[in-house]
Structures are given as C-alpha cells and as structure tokens.
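Both complexes below contain chain A, partnered by chain B and then by chain C.
This part shows the complex of A and B:
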C-alpha cells in the first residue's frame, strides 16, 4: 500500500515537471518561429495589429532584397572562409600539440600543459586593445586573416584532443615504432585515425564558435565588403529601411547555416561540450 | 643522421610538435596580456605613448559610468547564472531518464537558440520588444497596460536583458547536465527506490550532489561568458537608456573604438582579466586534481 502511494506521488511530480519542461521548450522556440514567419510576410503585414500568427501571403521578396541591397553573399563567403580556415588550422596545430602532451616525453611537458589550459578561461575580448594593435602591426586590420589567426591560438583544441589521445592505447604506437615508423608517420597514420571522433567534435564546435563570434570580427572587418555574415546582418538593425520583414529575413539568412549544422551533427555537440565538464 | 641520445631526440620531437601551437599562444594570448598591462599604464594617442602610472585606473574609478558598468555586470552575472543553473538542473533532472528521442527533442529545443547565435536572437527580440510594432508591446496594449517600452525604461531594461540572455544561452547548461546525469550509475537510483524514496527526494539528495562538478563547471563558464556580455547590449539598448544598461565589455569597447581612449580601455581589460583569473581558480584546481 505504502509502496503504491509513493509510486503515484513520484509519477505526478515527474509528469508535472515534464509538462513544464515541454511548455518552456516550445516557448523558447517561439521567437524563432516568429523570425521565420515574419521574414516571409510583406512589409505591411509584418507590423499588422492584431498580428497574423501565420503569414496570409508568402513572399520571398525580403530575401531577394537582402541579397540585392547588401553584399550578403560576400558576407556568407567571408564567414565560411574565416570559420573554415580557422578551424582547419586549429585542428592541425592542436592535434600535433595534444599528441605531444599525451604521448611524448619531453622536459617541461606538464608545466607547459598547465599553462596552456590556464589560458582557456581568459576570453580574448578582454585583451582586445593589444590584440587590435598586433593586428595593425601585421596589416591584418580589414583583412579576413586578421579574424582567423587569434582564433587559432586558443588552447581549447589541445585540451579537447589530449583526452582522446590519452585513451588511445600506447601499444599501437609502440608497435608502429618497432616496425620502424618515424614519429611523424606514427602520428599521421596510426594516431590521427584513432582520434577521429575528437577531431570531428573539435571541428564542429570550433566552426560554430567562430561563425557566431561577433566582437572581434566587428572591429577587424571595417569595409562593408570585409564583414562577416553575423556582423553584416547586425548592421541591418541600423538600416534606415523601416521594413521589419527585411531585417528578419537577414537574421534568418544568418541563422539557417547553423541550424542545418546542428540538425546534422547533434551528437557531436552533446559529446564535445561535455568533455570539459565531466572528468572521471 | 641518428642522434646518439634517445632522450634528447624525444625531447626535440616533443618540442617540435608543440611549437606551432605554442608560438600562436605566445603571440595572441601571452603577449597581449603583457602588452595590455603595459598599455594600461600609458596615455596612448595614435603613435605617441606617455607613461602616466595609475592615472587610467584613477580616471576609471572616478567615472560614474564605469561604476554603473560594474554594478550592471555584477547584476547580470548573478541573476543569469542563478537562473541558468537552477532552470537547467530542473530541466535535466526531469528528462535525463526518459527515452532517447524525447531527450534529444528537449536538448535540441533549448540548444537551437544557442546555435543561431546571440546576434540573431537579439534581432528577433528587438522586433518583439519594439514599442510600435512588437508582439510583446501589442500584448501589453491588449492587456491594457498602456504603451510599454521595456527597453527604454530604466526599471525594466535590466530584467529584460537578463531574460533574453538567459533564454538564449540556457541550452548549453542543459546539454551538460543531461550528459552528466545520464552518466550517474543506475543502481544508485534503484537502491533509493527500493527504500521508497520519492523522485523529488532522489533528485535532491542523490542526483544534484552527484553532478556537483558539472555545476561548478557550468557556474564558472557562465560567469565568464556573462562577464563579457556585449552583443545583446550593443544590439538591443546601446547601453541606454542613459547608461542604464552599460556593461564592462561595452564600456571597454566604447573607450577603445569610439572615444580612442586606448589606455583607459586597456585598464578595463586588465581588471576584467584579473577577475576571470580569480574566478577560474576553482575550475583549474578541479581539472588538475587527478594529476
């Protein structure tokens, strides 16, 4: 009797919690629903009161306008270039360093790793003034490469990949060494394939991180043609054009690539994000 | 050529593998920190730098706007972090033991705003909150609350920014908690259930204490993320009305790139750097505990 009662109580608490969770999940998605549907309305319907909860007439003219009146295609390509190249470079440099920290014995290894990881918590934004002056000295202001290099300096990749190298068995490496493979060949042909899941997670997490980065790209990309998608789309907020549907179409253009990436690679986010948090 | 000393050889190989990352680290992280500290002691006008000691810091601490920016930043950190930890604990503990499809639906719904970025979410919210055309203002009029301008009002601007930032970013904490709770061994719950403990009790007395490392991690990364809060301020309020929503990062940005006060901006950066270092000590200690 007691048992049954406890069971019932448990169920109702659980059910109620989950109803609340679902309610807020839907509520949290509402702004995005409003973004998409508004972007498809014409300029008078979008501000109509009471509002149309579902567009009465669908129009793609706002999207056409975003691409015609703004260099939105150029911005998209800039973002792809900046996020893509930053990530490829980061994967190369940090997989090399993580491999050394995990498998090679060299003096000062642990101290160096601690110093690297300590820098993880410092956001690059707080050092934006000296960083900007370095960019000036190297002629990297108003230059896409100025947006790329500081991103490659993060220790995040080393931290993430070291865990993957740590769990790769030493025996494989030793076997390769006995077969006469040099360190570089062992790294490229034996070890890298083993940590592929880690590289996948790093690739996606960092790509999204750079794609959505704002402040640094804002100060580096000064000409209209040199802006990235996030920075360019944000300028629509100050655009004199009073049409809200046009602004919402711009925001949708900026949102869609990341939505696609998320739907395709959801499990990478779950795994990659958790690496820093759960330390067994 | 073969090196005679195998230890020396492994040392050199190690350094060579670390070298590219290390050079970038020196140039874009270590050097800017040192240079930032140096610049904070100088008055910088274009190419000319004059040593002024702690004048920039003195300027900062006599500027009421800087104080306002500290207070606002602290308010944002405290409220957003408490909301984020509390709500994500609630969501994760409610769903973590349900079927995988449902878990991934909940995870996705809360994480999608994180994915589409603060820039996009700020743009939507600025439309929703627009006094003339926004849905929220319309709802307020329908409920006969009169004309509301939540972002133009000193007493509502901070709560609105807190809510928008929290709603946009809570998904990350939810993903972390769910992953951590799924990792808790099932027999712990079963033992408690045999003893007749309610789910409520199991959550509070077993689950939440067990995910404490995740709580620490989420707290710290969120404090640091909110400390540099910028996008939502620039796009929603521009620090207004009348500096009511100015934050440290926004203050730094304006001094550096609008008012050309590079020394003062560097001093703000140094202060923020010290705060982040101080805050990350517990996390770093936890990460190296098993070393």
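This part shows the complex of A and C:
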C-alpha cells in the first residue's frame, strides 16, 4: 500500500518537474521563436498589438535585404574560416602541450604549468592593445589571419586536455614504449584516441568562443569585407533603420550557424560544460 | 555514426574555411586603406603614391541626399575621394573610406591610437571627438582655414571647433537637437491645440508638456494600440545629449564657471525626480534602462511613441524613410524640449572633419588637403543641407527649399553648450547612463543618482584636465 502511495507521489513529482522544465524550456526558446518569426514579417507586423504569434504573411524580403545591402555571406564565410581554422590549430597545439605537461617528466614542469594556467586569470581585454601592436608589426591588421593567430594557443585548451591525459593510464604509454613506439607515435596512436572526447569538447567550446569573439575581431577586421558575422551584424544593428524585421533577419542570420553547430555537436558541448562536475 | 557526424562536420567547416580564406586573403592582404598599413610609398609614376584612411560615423545617405539610387552613408566621401584624387597634383592619392558605428568609434580609435595607427581623417560630431584634441592626437587645421571660410561660417561655429588657440575640426554642418512628435497621434488624443505649424519648432510649457503626456497615455487605443507617449532610454551613451537636456529642465546650469559639474542641487534633483516620475507613471516606453536611442528612434518611426528625440539629420532621414516606404507615413513635426522656466532648451552638434597625427608628413598633408577640398568645394558643401549648413552661402541658397533652416536659426537663442567645453567629455558620457539605469530600475533614488553622477563626473574631468595637452 505504502509502495503504491510512494509510486504515485513519485509520478506526481515527475509530472510536476516535467511541467516546470517544459515551462522554462518554452521561456528560453520563445525569444528565438519570436526572433525567427518576426524576421519573416513586415516591419509593421512586428510591432502590431495584439501581436501575430504566427506571421500572417511570410516574406523573405528582409533576408534578401540583409544579403543585398550587406556582405553578409562574406561575413559568414569569414566567421567560419576564423573559428574553424583557429580551433583546428588550437586543438593541435593544446593536445601536444597537454600531453607534455601530463606525461613527460621534465624539470620545472609543475611551475611552468602553473605559470601557463595563471594566464587564464588575465582578461583578454587587458591584452588588446599590446596584441594589436604585435598584429600591426606582423601586418595582420585587416587580415583574417590576425583574428586567428592569437587564438591558436590558449591556456584553457591545455588545462582542459591535461585533465583528460591525466586520466589516461600511464601503463598504456609505458607498454607502447616497451613495444618500440616512439614518443610521436605513442602520442598520435595511443594517447590521442583516448582523449578524443576532450578534443571534441575543446573543439566545440573554442569554436563558439572564437565565433563570438567580438572585440578582437572588431579592431582587426576594419574593412567592411573583412568583418566577421558577429561584428557585421552588430554594425547592422546600429544602422538607423526603422525596419525591425530587417534587424531581426540580421540577428537570425547570426544565430543560425551557431545553432547548426550546436545541434551537430551537442553531445560534445554538454560534455565540455560538465567536465569537472563529476570526480571519477 | 557519431564519429561520422563529427568528422563530416569538421570536413564541412574546413572546406568552407578554405573557401573563405582563399578569397578572404584578397582583402586581408591588401595593405591599402587600413590606418596601420597606409603610408607614402615610392611610385614608378610621376607622382608619389599616398594612401589615406577616412573614417566616419553614419551621417546622411547619398552624395547630395538620400533620394539618390544606392545612397549610403559613405556615398559622399567615396565620391569626394574620387574627385579629389583626380584633381590632386601633389601625390597619387588613394582615399579609403570606412563607416564606423557610433558605439564602436572610441574602441576602434583608442586601440588604433595605442597601436600608432589612427585613421588620417575622421568625420564626426565635434563633441564626440573633442577629447582627442585635448589628448594631442589631432593635427591643428588652422592653416587650412582661409578668410573666405572665416567670413562664410559664423564665429559661433568656429568657437565650437577651436581648442586652445587652434581649429581642430573643419565645420561642415550642424545638427540642432529637438524633439519630434507624431501629430496624427496628437489628433487621435484630442491634442490638436498643442500641434505646431508644419515648419515650426513648437514650444510648450512644462505644464502643457505634462498635459500632452497624459493625453497621449489615455489616447483611445483603436488607432495606436501599441504606443507610449514619450521616448526614454539609457542603455548606452548614444543620444545622451537629450538626457542632459532633461536634467536641465528645472534650471540647473550643469557646469559652473570652473568647468565642474554642479548637477547636485535642488534643481538637478528635481529634474531627476521628474524623469523617474514620468517613467513610473507610464508616460514613457517601459524598460528605459535597456532601450537605446536607436531603439527609441525606430519605435517612433513605427508609431510606437508619440514624442521622441531628433536632430536635423534624423528628421530628414525619417521623412526620407517614409517617402521610400521603409517606414509608416505620418505627420511628423518638431518641438523644443520644455523647461520649468518657460524658455525651451535646444542644442546643436557641429559636425566636421579632423585629421589625426599619424607621424607620416605626406599622409598628414594629403589628409588636410582632402579635408580642405570637400569642406570648401562649392558643390560638396551643398550636402550640408542634409542637416543644417554652417555656411551662410549654402543656407541662403536652400532657404526656400528648406524652411526649417529659418526655424532652427530662430531657435538658436535657446541653445545651451552641453559639453561645457570640459576635457574628458567622451569618458564623462560613460558615467551618465549607468546612473540613469540605476534611477529607472529603482536601485538609486533621484538624489543619489545625481550625487553619484556629479562625484564620478568631476573625477573624470579633473583627471582629463591634468592630462590635457591644451593647457
């Protein structure tokens, strides 16, 4: 009898918690829904009261205007190039450095790691001016590569992957060495496959971070054609244009690529966020 | 399966990246037009090559006006640059024009100045750029101002662009700041008696203004179902001059004779209390702390606000948007910002070009020559009609076509100098909106917000005064 009562209570709790979760999910998704549907309306329909929850007439003219009046496609490709290439390079450098800090024994390893990781405490904004001067000296201003190189080696990537390498048993590495594998082969063929989940998490987290890196991309990409999507769309938002739907279309264009990336790599993203939450 | 998705995703990104990179480098490696990469270089031709970068914030669209096909914010400067290059005999000059959003201006300028790569020319409102003159970053333009220009442009404008002994901005136009109102909405609210003439800048008393707000709030909702009486915003520093004007509505002088802020007195607190009162009473748009002036302007153009801020360019742009079908058509008219004393409040932004010290004599010479070219050429100065010309000759030429020129002229008697010519004005702007936000969300009382603004503002001014190169 008590068991039945407990089961009923549990079921009621499940129903209640599901309702709460759904409520908050809808609350979070609604702005996205509103953004997307408004971008398909005429400007006057966006501000209509009572509002049209679903567009009465669909129009893609706002998207056409975004792509016709601004080099939005160019901005999208620029963003993909900058975020994609810097992330691939970051994964390469971070995995090698993390492996060295985790598995190789050398003098001053711990001190070096602490110094390296302490750079995480310095906000990027503090380094903007010196970094800009360096970019200037290398001729990287107004150049997409100027947005990439400062992102190819970060303490965060090393810190994150070191944790994964630490959890890989040393015995595997030793066995590989006994079997005659060199350091490079051990790294590439034995250790790297083990930390693949970490690499996936780093890839997606860094991709998102670089994609949204507004300030650095603003100061480096000065020509209209050199802007990334985030900077370009932010500029578009400053345009004294009374067409709300046009701005909504711009914001949607900025949001969609990231949504696709998130849906494709959802598992890595959530894993990346939960790293360190559970001690194994 | 998961592995395939992951691998496919990476391959997709890399292919796109390579495609973007291949063409991206074409633009990225062009060393032209970027402040840091420009500069005189040897040429194989008869004239030495020089490239200069011209930056501007959005002003008017088109060369002469926004009715032209493909009119954009950079149309005027691209056209002027092209004509300048063709007739320029000193160098083979290339002028690269870039439009910078108003809220990105200081970030971009400060980083580029620190990096030693400022633009050669910046076209902007003087009040937003005065600090760069104080910091010693600008070239004096006194030597390119001739007697003809001195005679054609009234002394008041020269005073506005003179810092210390030198002219640092070549005055091109000015933008008087007023209120704009939707006369159709006034009619719907039964406020016909408050509507001014079509080419008048209407002056209301503060009592009348409050009646208008009340009338608009209680307007029948059948025609304007989603409208609020008045625009109020405080998201950032954009459009803050109107907020400064509201703070003077009860007679506060804002600055004393030493250039210190004196808002924290009975009149200043009363003004802050009035802002809070109308906000809480629902006489303004909600969420003022998170609304920008751009949002407010767009809301007004979409008939969501009865009264909003405007200046000559915004007013003309709004009418052009209506004519082009980009915004709903309505009867838009101008009014002054009221005050308790009865005399209205108005101000103006003088707009003009300044030249940055780049350390390259040839670029600096070309930059100054370009400024002189478009600021004095009889055809190019006509474009100043998009706001209000500073040149009497242009104002005279267009006065029948633009009856508002006379109205602005008559209004000049009520003008106040909103910057107080204090050093550090750009940074001072960063101090006001957080206090307004705190006021609107109820985090601070009006008295506390005013007190804190004064304390922080005076700190900014004192520090800037110490560092000013213009003693």
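Note that the second predicted complex is superposed on the first by the 245 of 280 C-alpha atoms of A that agree within 3 Å, B and C clash if a C-alpha of one lies under 4 Å from a C-alpha of the other, contacts with A are read in each partner's own complex, and residues count from 1 in each chain.
Methods note: a residue touches a chain if its C-beta (ideal position, glycine included) is under 8 Å from a C-beta of that chain, and two chains touch if they have at least 3 such contacts.
Treat the numbers as computed from the prediction; the structure is a model and nothing was measured.
In the overlay built on the shared chain, the residue A:77 is in contact with chain C alone; chain B does not reach it. Within the superposed three-chain model, A:42 lies out of touch with both chain B and chain C [touch as defined at top]. In the superposed model, A:142 makes contact with chain C only, not with chain B. By the document's definition of touching, both partners, chain B and chain C, reach A:132. Look at A:121: by the touch rule set out above, it reaches chain B but stays clear of chain C. In the superposition on chain A, A:59 makes contact with neither chain B nor chain C. In the superposed model, A:233 makes contact with chain B only, not with chain C.
When both complexes are overlaid on chain A, the residue A:209 reaches neither chain B nor chain C.
Put chain B and chain C next to each other and count what each touches on chain A; the higher total goes to B. In the superposition on chain A, contact is made by A:200 with chain C only, not with chain B. In the superposition on chain A, the residues of chain A contacted by chain B and by chain C overlap at 46-47, 49-50, 128-129, 132-133, 215, 219, 234, 237, 244, 261.
In the complex of the two chains, the chain A residues touching chain C come out as 43-44, 46-50, 77-78, 80-81, 83-85, 88, 128-129, 132-133, 136, 139, 141-146, 200, 203, 207, 215, 218-219, 222-226, 234-235, 237-244, 261, 264-265, 267-268. Taken in their complex, chain B has these residues touching chain A: 7, 10-15, 17-18, 20-22, 24-25, 27-33, 35-36, 39, 87, 90-91, 93-95, 98, 104-113, 115-128, 130, 132-133, 135, 138, 142, 167, 170, 172, 175-176, 178-180, 183, 196-200, 213-214, 217-218, 220-221, 224-225, 227-228, 230-231, 234-235, 249, 252-253, 256-257, 262, 265-266, 269, 272-273, 276-277, 279-280, 283-284, 286-288, 290-291.
Contacts from chain A toward chain B in the complex involve residues 2-3, 6, 9-10, 13-14, 17-18, 20-22, 24-26, 28-29, 31-32, 34-35, 38, 46-47, 49-51, 92-94, 96-97, 99-101, 104-107, 109-110, 112, 114, 116-134, 149-150, 152-153, 155, 157-158, 183, 187, 208, 211-212, 214-215, 219, 230, 233-234, 236-237, 244, 247-248, 250-252, 254-255, 258-259, 261-262, 266, 269-271, 273-274, 276-279. On the chain C side of its complex with chain A, the touching residues are 2, 5-6, 9-10, 13-14, 16-21, 23-25, 27-31, 33-37, 58, 96, 98-99, 101-104, 107-108, 111-112, 114-117, 225-226, 294, 297-299, 301-304, 314, 317-318, 321, 326-328.
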